[in-house]
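Sharing a structure with you now.
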Amino acid sequence: MNAANYLYVSALLFTIGAIGVVVRRNAIVVFMCVELMLNAANLAFVTFARINGNLDGQVMAFFTMVVAACEVVVGLAIIVTIYRSRRSASVDDASLLKR
Amino acid sequence: MSNVNWLTTLGLLPLLGAVFVAFLPKTNALAAKRAAFATTLIVAAAGIAMATQFQRDNVDLQFVEVHSWIPTFGINYAVGVDGVALVLILLSVLLSPIVVLAGWNEASGGRWSAKTFYILILILETMMIGVFAATDVFLFYVFFEAMLIPVYFLIGGFGTGKRSAAAVKFLLYSLFGGLLMLASIIALYVISGEQGGHTFDTTALSHLHISSTAQNFLFLGFFIAFAIKAPLWPFHTWLPDAAEAATPGTSVLLLGVLDKVGTFGMIRYCLTLFPDATKTFTPVILVLSVISIIYGAFLAIGQKDFKRLIAFTSISHFGFITMGIFAMTSQGHSGATLYMFNHGFSTAALFLVAGWMTSRRGSSKISDFGGLQRVTPVMAWVFFFAGMSSLALPGLSSFVSEFLVLVGTYTRYPVAAIIGTFGIVLAALYILIPIQRSLHGPIMPGNEGLTDLNLREKVAIAPVVAIILVLGFYPSPLLNVINPSVTHALSVNGHTDPAPSIAKAGK
Amino acid sequence: MTSNYLVYLIALPLFGSALLLFAGRKADKWGHLLGTAMSGGAFIIGLYEFSQMLGRSTDQRAVTQKLFSWISVGSFQVDAGLMLDQLSICFVLLITGVGTLIHIYSIAYMSHDLDRRRFFAYLNLFIAAMLLLVLGDSYLNLYVGWEGVGLASYLLIGFWNQKPTYATAAKKAFVANRVGDMGLSLAIMISFATLGTVSFSGVKEHASQASTGALTAIGIMLLVAATGKSAQFPLQAWLGDAMAGPTPVSALIHAATMVTAGVYLITRSNFIFDAAPTAQLCVAIIGAITLLFGAIIGTAKDDIKKALAASTMSQIGYMVLGAGLGPAGYAFAIMHLLTHGFFKAGMFLGAGSVMHGMDDEVNMRRYGGLSKFMPITFATFGLGYLAIIGVPPFAGFYSKDKIIEVAFNAGGIKGITLGCAALLGAAITAFYMTRVVILTFAGSKRWNEKAHPHESPALMWIPMALLAVGSVASGFIFTHGNSLKNWLAPVVEQSPAHEGELLKPAVVSVLALVLVLLGVGLAVVKYMRKEIPLVAPTDVSIFTRVARRDLLQDDFNEAVFMKTGQKITSALLVTDKSIIDGAVRGVAKLVRGSGSALRTTQTGFVRSYAMWILIGAIGLVAAIWVVTL
Amino acid sequence: MINLAIEVGKTTTPEAVMFWFLAPLAVLAALGMLLSKKAVHSAILLAWVMITLAIFYIAQDAVFLGIVQIVVYTGAVMMLFLFILMLVGVDSADSLKETIPGLRPIAITAAVGFGGLMLSLLGRATLGNDIVGLTDANANGNVPALAELLFSKYVWPFEVVSALLITAALGAMVLAHNHRLVARPTQRELSIKRFRGESLANAAGLPNPGVYALHNAVDVPALLPDGTAAEASVSAMLKARGDVIDSKPFQLIELTDEEGEK
C-alpha cells in the first residue's frame, strides 16, 4: 500500500469539512466541521513527516492542535455568548455584518 | 559644533514637544498652546542656529548623517541639506511659531481638544523638516506620505464647512500621487540592484544608467506626485477645497510649506535622477506651468470666497515656480527656490489676515466685507501689504523671486516668459478686486463693530511683514545660500545659462 | 564720481512715510510737519548736489552711489545703485521742489481731513519712489520706483476710497499701470537676454552690438511702459478717473511728476531708441495721437479737474512726441516737462483753491465770475493759462514751439504730419484752456447759495504764486543760451546739424500764435457771449457726445477687455468645476459605484463568506494545478 | 514503543489491512457528521473520526501525536463540544433545509471540484514513491525526538503558541462570563422574600416535577390535587426553551372543562 493513500483520505475529509462549514447552520456543527478540516490537515502533516523522514511535520501538527484547541475554546465561548443573547445557535441569525 | 547632529535634533525637537503636550491635561488648552508655541520657538531658534553653521560656498550636502535603518533593503536613515533644502527647512521652522501664535484660538471649533491640535501641528513640523532633510529616497517617501496624516486630521478635525469631504479629497489625491512615486522608487531600487547593489541613496541613484523609456516612466511617476502636491494644473482641484475647509494656520502650513515639497521634489529628484527625461518633458511642463499661471489667476479673479481666492493665487504662483525650475537657468532655479520661501511668507500673511477677518465677521465671503479700512485700519493695512506682496510689488520679497523666474525663463523660453508676464497684470486684478470690495467703499452692515488686531496678532504678523520687506531690498542672505547649490546642480546635470545674444553673435 | 548723499534723497521721505504710517494716530498732530520737512530736506540735498554738479566740469558731473549688491544670480547682477546725472537732477529738483510746495499747500488744503497724517505719509512715499525712479542706475532699480509711484498713486487716488467710484478709479489706475509695467519688465528681460545686462551704463555700452530687431523690441516694450505710466494712447483711460484723488495729488502726481516718468524713461533710453528708428517713430506717433486725443477730450469736460487732466494727457503727448523725435527733441521734451511741471501744477493748485472756496464743487458750469472773489487764485491760474497756451514770453511758448518746430523738421511726410498734429493741438489747447478760464473766472455767478467763494489761506496761495513765477520765467531761463540743451547734452546725444529746415523757427512761432489766437477767439465767442446753462445741453452733435464720453475709451476697454475677461473668467470657473474637478469627482463616483455593486455580495451570512473563501481556495488550487501541469 | 511500520520505505500488510478497514469508516463517519440532523450525533461521529485519525497517526510513527489526539481531541475538545451542546439544547434538531438560495449547489459543486482538484494533484505528485520513513528520526524514541525539535528549533513558536493558549483561555472566560446586573440576594433577603412575600404558597419550596409511571423527567409538570398541572414545578429554563411536555396524557381522570376551570 502506498502511504499517499493517507493523503487521499485527508483530502476527502477536508472536502467534507469544507462542505459542512458552508452548508450547516448550527454554529456548533460548523465548528465541528472546522475541526474536521484541521484534523485532515494534521493527517497530511503527519503523512508528509513520514514520507520525508523528518519530524517537522509532526511538530506542525502539534502546533495545529494547540491552535485548534484555542480556537475551539474561544469559538465556543462566542457561541455561548451569542446564544445567551439571541437564543439561537444558527449562524444565519447572526447576520448583523450586513448593516 | 560640527559634531552636533543638527538635522536629527531639529527633527526630534517638535516630536518631543508633541510628547510633552500629550502629557498635559486635556482641559487645559492654554498650557498646550504655550507648550506648543515654546517648542516651535525653540525649533525656530535651533533652525537659525543651524543655518549660521551652514557653509554657503560648499556645494556638497551638509549636516550629513547616515545610519542604517533597514539593512535588508539597503534603506538608511540618511539626512543632509544643500542650500535649497536649508532654505525650505528655515521656512518651515520660521512659519510654525507664527502659525501657532496667529491661530491661538483656531482649535476651538474642532472635533477634538486643543491639545490634539497642537500635537498634530508639532508632528507635522517634524515631518516637514524630515521631508526636506531626507537624502534617502525611501526615507523621503516615508515622510512624504506620513505628512498627510496630521494634515488630514487638521483639516478634517478642526476645519470649517465641508471639512471631512475636503480632507478625504486631499488625502486620496495625495495618496494617489504617492503611490505612483512609490512605484517609481521601487523600480529605481530594482534598477540599482541590477547595477551593482541595491540602494535608495539619492546621490548613488543619480549615477544610474537608465534607458530613456524607463526614465520617462519613472520621471512621470515622481513628477505626477509632485505636480499634485505643488499643485500644477490640472491636478489642482483638491487645493481650493482643502484651503477653504482648513483653519487659516493649517492652510498656511499646507500652502506655505507642504506644497513646496512638490516643487522641492522636482528639483531634488526629478531633475537629478532623470536628467534625460527632464529634457524630454520640459516643454510639456512649461506649458502646464504657463496654463497654471494664467488659469489660476483667472479663477482667482472669479472667486467669491477669500480662502479659495488665495488658494487659486497660489496655483498661479506655483506655475511661476515650476516654470522657473524647468527653465534650467540659474536665474530661474534660484528665483524658483527663493519664490518658494517668499511665497510661504506672503501666503502666510494673506491667509492669516483673511483668517482673522473671517473669524471676526463669521464669514469668508468677500461680499460680506466692506469699508474695513475705516473700521480696522491695522488689519486692513496688513491685508493690503500681504496683497501687494502677492502681486509681487517691487521692493517686496516676492518681486525679486518672480522677476528672477521670468528673466531666467526668458533667456531660454521667451514665449513662456511673455505669457507668464501677463500673469502680473492678472495678479493686480485678483488682488485689487477683493481689496476694493473688502477694505474700501462704505462700511458694510455687519462690519461696524469689528475689532482691530490685538497685540498677539500684531506680534505674530510683524515678523512676516519684516521678512517680506527686508528680503525685498536685501535678498542676498538667501540668494548666497541658494546660488552655489543651484549652480552646482545645474552644472552636474549639464545645463548652462544661455549667453546673451550679442555674445553669441560675437562668436 | 561717487557721492554718499544720494541715498538720503530717497531715505528721508521714505523714513517720513514709514514713521507716519507706523506711528498711527499718535502722529496726527505733527505728521504733516514731518512730511513737509522730509520733502524739504530732500530738496535741500538736491540743491546741494546741484551746486556740487555745477562746480564740476561737464564730463565729471554725473555721480553714482553703490549701496549693496541687490540681486546676484549667475550673470544677472543688479546692484542697489544710484546715479545722479544732468537728466536726473532736473527731475530731482522738480520732484522735491514742486513736491515740497505741494506739501505746504496740502497742510492747509487737507486741514479738515481726519486722515491728513496718512495723506502726508503717502505723499512722502510717493516722493521717495519717484526719486528712486529717477535715481536708479539700472532698469530694474527704475522698475522699483516705477511701481512704487504706481502704488503711491493708487493709494492717493483712492485716498477717499469710502466712495466706491473713487476706489474703482484707484484700481483702474493701478491695473492700467500694470499693463505698462508688463512692458517694462519684458523690456528688461529682452535686454538681459540680448545684452546680458540691465544697467543703464551697460545697456548703453552694448546697445551698438545688438541687432536692430532686439532693440526695436526693447524700445516698443519701453514705449508700452511709458504709455501706461504717462497716460498715453492706448493706456490713457485711467488719468481722467484719477482725478478722484485730492487735488494736491493731481497737481503733484498726475500733472507734474509721475505721469512724466514715461518721458523720462524714453529720454533715459535714448541710446536704444536712436538705434531703433521704428520704435522711435512709434513713440512720436503715440505722442501725436495722444496730444490730439487729450485736447479733444479737454474741450468737452465740465469738471475742472478732468479738463485739466485731459490737458495733462495732451501736454505729455507733446513731450512724448518730442522724445520720439530723437536727439533733436529730447532736450525740448524735458524742457516742456519741466515748464509743464510748473504751470500745470500751478493750475491744479488753483483749481484746488477754487474747489476749496466753492465747497468742493468741481463742475465749471456752477462757477463763474470768481475772479473778483479769488484774485490771487485768478492771477496765478491766469499766468499758468498763458504759459500753457504758449503766449510769449511765458514758459510754454519756449518749450512747445520748439517741439512743433522739431516735429516739422523731422523731414518728409512724417515731419509734416507730426508738425500739423502738434500745431492743431496747440489751437485746441488754446480753445479748451480759454474755456476753462472763462467758465471759472469770467461771466456771471452761477453757484448756488451754499457756496461762499473766498480766497484761500496764505499756505495755499504762496505755493501757487511760486509756481506761477516758474510758469513765467522757466521757459526763458531754460532756453537762454540753450542752457538746458547744453546741460543735457552729455546724457542725450547731441542733435545733428539741421539739414534743410522745413520751416524757420520764426515761421513756426507765428503760425502757432495765429492758431492759438484763433482758438482763444473761438472760445471767447462761444462762451463769453451767451449765458452758460447749468446743466450741459444734451442736444449736441455726435462729436461732442463722443468727446464727453472720453472718445469712447472706457466703452472700448469695457467691451474689449473687461467683457472678454469676465467671459473667460466665468467660462474657466465652469470648466474648473465641471470638467477638471468633474473628472476627479467622476473617478470618485466610479469607485463608489463599483463599491456599491460589489456590496451586494456582502450578505452578512457567515456561510456565504465561507463559500467565497472556498471558491478562493479552489482558485488557488486550480492555479497550482495549472502551474504544475 | 509500538511500531507498526516494520520495514523502512514500505507499508506493511497489517497496516494496509488496518487502513482499508478504518479509512472508509472514517470517511463514512465524516459524511454522517455532515448529514445528521442532530448535533449530538454529529459530535459522536466526529469523535469516531478523530479516534480513527489517532490510530492513523500511531500507524505512521507519530505515537506522541496519536496519544495527544485522543487525549486532547476526543478527550477534551469533543467533551467541550458535547458540554456546549447540552448547554444550548441537546435535542434541538437542525433543519437541513437551505435558506440562502443557491448556496448549497454552488457549495457542493465547489467542494467537489476542490476535492477533485486536490486528489488529481496528489495523484500527479510523485511523493509516495520513495518513503523515507521515520526510523532514523525516531531512533531515540518519538517523544525525545519531538521534544528536541520543539525546544530547540521551534522554541519560539512554541512559546508564542503557549501565550496564545493562555490568551484564548482568558478570552473564553471573559466572553462566557455572565455579568451580574444586580447584587446576588443574600440568605436574609431570600428568607424575607419567601415568608413575607405576597403569599405563603411557596414557603415550603417549589413542587417537584411530575413523577409518573410512564414518564419520569424534569420536563413534565406535577399534577396538583385537583388534577391541573403545577406550572411552578418545572424549571423556568425548560419552559422558556419550549421543552416542557404537556402533562395531560399522564392525568388519571379526564377532567371536564367546568372542573378544569376551578
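Should a chain be cited, it is by its letter among A, B, C and D, assigned in written order, with residues numbered from 1 in that chain.
By definition in this document, a residue touches a chain if its C-beta (ideal position, glycine included) is under 8 Å from a C-beta of that chain, and two chains touch if they have at least 3 such contacts.
Every value quoted in this text rests on a predicted model; they were computed, and no experiment measured them.
Engineer: Most contacts: which chain pair?
Structural biologist: After counting contacts between each pair of chains, the winner is A-D.
Engineer: Using the mean of all protein Cα atoms as the middle point, what chain has its own Cα mean nearest that point?
Structural biologist: That would be B.
Engineer: Roughly how far is subunit B from subunit D, centre to centre by C-alpha average, rounded to an integer in Å?
Structural biologist: Inter-chain centre distance comes to 66 Å.
Engineer: Per the centroid of Cα atoms for each chain, what is the distance between subunit A and subunit B, given in Å?
Structural biologist: Chain centres of subunit A and subunit B, defined by C-alpha means, are spaced 57 Å apart.
Engineer: For subunit A and subunit C, what's the span in angstrom between their mean Cα positions?
Structural biologist: Chain centroid spacing, subunit A to subunit C, equals 91 Å.
Engineer: Can you compute the centre-to-centre distance for subunit A and subunit D, using the mean CA position of each chain? Integer Å is fine.
Structural biologist: Each chain's C-alpha centroid was found; their separation is 13 Å.
Engineer: Two-or-more-chain contact residues of subunit D, please, as numbers and ranges.
Structural biologist: 100, 103, 107, 110-111, 114, 118 - these are the residues of subunit D that touch more than one other chain.
Engineer: By residue number and range, which residues of subunit A touch two or more other chains?
Structural biologist: Residues 18, 22-23, 25, 92 of subunit A each touch two or more of the other chains.
Engineer: If you look at subunit B, which of its residues touch at least two other chains?
Structural biologist: none
Engineer: Can you list the residues on subunit A that touch subunit D in the complex?
Structural biologist: 1-9, 11-20, 22-26, 28-29, 31-33, 35-36, 39, 42-43, 46-56, 58-59, 61-63, 65-74, 76-81, 83-84, 89, 92
Engineer: Of all residues in subunit D, which touch subunit C in the complex?
Structural biologist: Within the complex, subunit D touches subunit C at residues 100, 103, 106-107, 110-111, 113-114, 117-118, 120-121, 124.
Engineer: Using the touch definition up top, name the residues of subunit C that touch subunit D in the complex.
Structural biologist: Against subunit D, the touching part of subunit C is residues 603, 605, 607-608, 611, 614-615, 617-618, 621-622, 624-625, 628.
Engineer: Please output the residues of subunit D touching subunit A within their complex, sorted ascending.
Structural biologist: Interface residues on subunit D, with respect to subunit A: 5, 11, 15-16, 19-20, 23, 26-27, 30-31, 33-34, 39, 42-43, 46, 49-50, 53, 56-57, 60-62, 64-65, 68-69, 72-73, 76-77, 80-81, 84-85, 87-89, 92, 94-95, 98-100, 103-104, 107-108, 110-112, 114-115, 118-119, 122, 125, 127-129, 131-134, 136-138, 142, 145-146, 149-150, 154, 157-158, 161-162, 164-165, 167-169, 171-173, 175-176, 178.
Engineer: So in the complex, which bits of subunit C are touching subunit B?
Structural biologist: Touching subunit B: residues 21, 24, 68-76, 80, 140, 143-144, 146-148, 151, 158, 161-164, 167-168, 170-171, 174-175, 178-179, 181-182, 185-186, 188-190, 192-197, 206, 209-211, 214, 565, 568-570, 572-573, 576, 580-581, 584, 588 of subunit C.
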